[in-house]
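Right after this note come the structures.
First chain A sits with chain B, and in the next complex the same chain sits with chain C.
Then we have the complex of A and B:
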């Protein structure tokens, strides 16, 4: 051992001093460099991990919302399709109803016009008939007024007396 | 005193006049007028006379008939009409003759509430109505 110390010229005091120095340097390095760095690294690691988690979560949310959006889109398409189909059906139905109504109105108008024409014709015929009859009556009265003498009147009266169906009012 | 009705006056007048002479009739009428004055019923005289006529016609079986013609007819024709009516009504007929030139011919007979229209105007109107149907 002594030989070894001599060979390498080891000075115990210097070695102890160097060890103390090393210890102090090590302590300082640990206290002011390694520990803060380590803490900072840990924090950074945690932040990165959190960021990664968040990113993953965001991605998952994105996928989820994408699916939801697609689902909603599909549902909206179905609803839109149903609405369009319903609208088309109702449109067709309304169209048919309008056509039927229009046909009925046309039929009614034609019937009314026919009836009106018939009434006007009937009225006109009555008026013509009335005119003819009135004219005939007036002419007959004028002729009778001139033709009926006292003799004819008395013969008419005596003839009436033989009539058993004289009109009593 | 009980009030005397128009019918009672008329009936009494008929009963007192129906079998009397002309002189007696005059006296009866004078007494009747006095009675009306006494009873303060003179204002009923017109109604009593009308009722008297009805009662008289009823008892004597007389029918007052209005005959309306276009022109005045001969007595023979009026007589024929009276005879014809007597045959129907079984009464004596008293004709009141009325002229209405609108009739154009024929006659209208009215008695009580009966109207017998055999005028040419009526027949023309019937024909007119028939033609317009």
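Then we have the complex of A and C:
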């Protein structure tokens, strides 16, 4: 052992000095290089992982919202179609109703008109009848005034008129 | 290179000149020569080199740490790649990131410190610039700088740190009782009366286990010796080799050996760091 120490000039003070040197290196490297670098790298790894996850989530959300939008669109389309159909049927129905109503009105109007016409006709007939009677009476009166007595004549004429219907009927 | 060579040549010339007056010994010594004394503490040339290495590391680290940003630019990218791949390499040894995070800073510091010291020893001028000291009738050439890892004091300090550190780490990780049983296996004897009914062979096996534990103590000492001498031997031999080549032919010839030494410096730093990592891992894992 002594031989060894003598040959290599081993000195505990030198050993300590070299240990101190190494200690400085160890401390400096650990404190200012390895620790901050690895912390930075770890942080970066975490951040990248997080942002990748976020991107995935965003993509998923996008797909979901797209699907939702599409669903809503088809729903809206369906609804619109239904509304259109409903409107169409309603319109048809209303049209038909209107036509029906118009027809009914027309028929009532026609019926009214017919009635009126018939009334007027009967009224006219009455008037004509009375006029004819008057006329005949006047003429016969005038004729008979000159021919027979008034009484007989009137009886005669009225009787004949009763027997025969008017040609207008 | 040329500086080294010219210095060596100059020294040789000087040697020749002085040989007429005084014999100047010019060999690479196994130990680091003391350059000057501070009180009674001799400051060796390898300690100077070690301080230089520390200074370089501290300055570099402080410069780098100022530039660390969340979004890496330029050199930070490379540093991150190095750190990440080093961590992965450490993971393959420790088996878990958790343990790696604890051990890695120590091992990484060892690697950087040794690597820089190994390579500093190769810089021209280190080992060849110096002065001539006259002691007891003959003069000796003393280089001003010497690769710090070419001095057993440095490598022994590092090896002691690695082995003692790994044992302390083991105490913290597995607890004192379990840890002490690795060396002084009291548990093995303690178990004998409890388990002897189920497995009677335990009466032979456990004393052997206890003896193996004692051998482990010697193993720890061997670890210190192997770590320190491997590193010292490789680097010192490299310096001697380069010197020898430069003496044979100062131009071109040492260049391939220079590259070789660069690789050796890297490999030795890596070996030391990896072995330290292994020791730490073994110490922190529970005994079987």
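The rule is short, and it goes like this: the second predicted complex is superposed on the first by the 96 of 169 C-alpha atoms of A that agree within 3 Å, B and C clash if a C-alpha of one lies under 4 Å from a C-alpha of the other, contacts with A are read in each partner's own complex, and residues count from 1 in each chain.
Just so it is clear, a residue touches a chain if its C-beta (ideal position, glycine included) is under 8 Å from a C-beta of that chain, and two chains touch if they have at least 3 such contacts.
Just so you know, these numbers come straight off a predicted model, no measurement behind them.
A.B. asks: State whether A:157 touches chain B only (first), chain C only (second), both chains, or neither.
C.D. replies: Only chain B is touched by A:157; chain C is not.
A.B. asks: Can A:22 be said to touch chain B (first), chain C (second), both, or neither?
C.D. replies: A:22 contacts chain C only, not chain B.
A.B. asks: Please work out whether A:140 is in contact with chain B alone, chain C alone, both, or neither, and reply first, second, both or neither.
C.D. replies: first
A.B. asks: Identify the partner contact of A:129: answer first if only chain B is touched, second if only chain C is, both if each is, neither if none is.
C.D. replies: Only chain B; A:129 stays clear of chain C.
A.B. asks: Which chain A residues are contacted by chain C in one complex and by chain B in the other?
C.D. replies: Common to the two interfaces on chain A: nothing.
A.B. asks: Mind pulling up the chain C residues that touch chain A in the complex?
C.D. replies: 30-32, 41-42, 44, 47, 50-51, 53-54, 57-58, 61-62, 64-65, 68-70, 79-80, 83-84, 87, 101, 104-106, 108-110, 112-113, 148, 151-154, 156-158, 160-161
A.B. asks: Which residues, counting only chain A, touch chain C once they are in their complex?
C.D. replies: Listed in rising order, the residues of chain A that touch chain C are 7-11, 13-19, 21-22, 24-26, 28-30, 32-38, 40-41, 43-44.
A.B. asks: Quick one: in the complex, what on chain B touches chain A?
C.D. replies: Residue positions touching the partner: 69-71, 73-74, 77, 80-81, 84, 104-107, 114-118, 120, 122, 124, 127-128, 131-132.
A.B. asks: Help me check something: in the complex, which residues belonging to chain A touch chain B?
C.D. replies: Answer in residue numbers: 129-130, 133-134, 136-137, 140-141, 144-145, 148, 150, 152-154, 156-158, 160-161, 163, 166-169.
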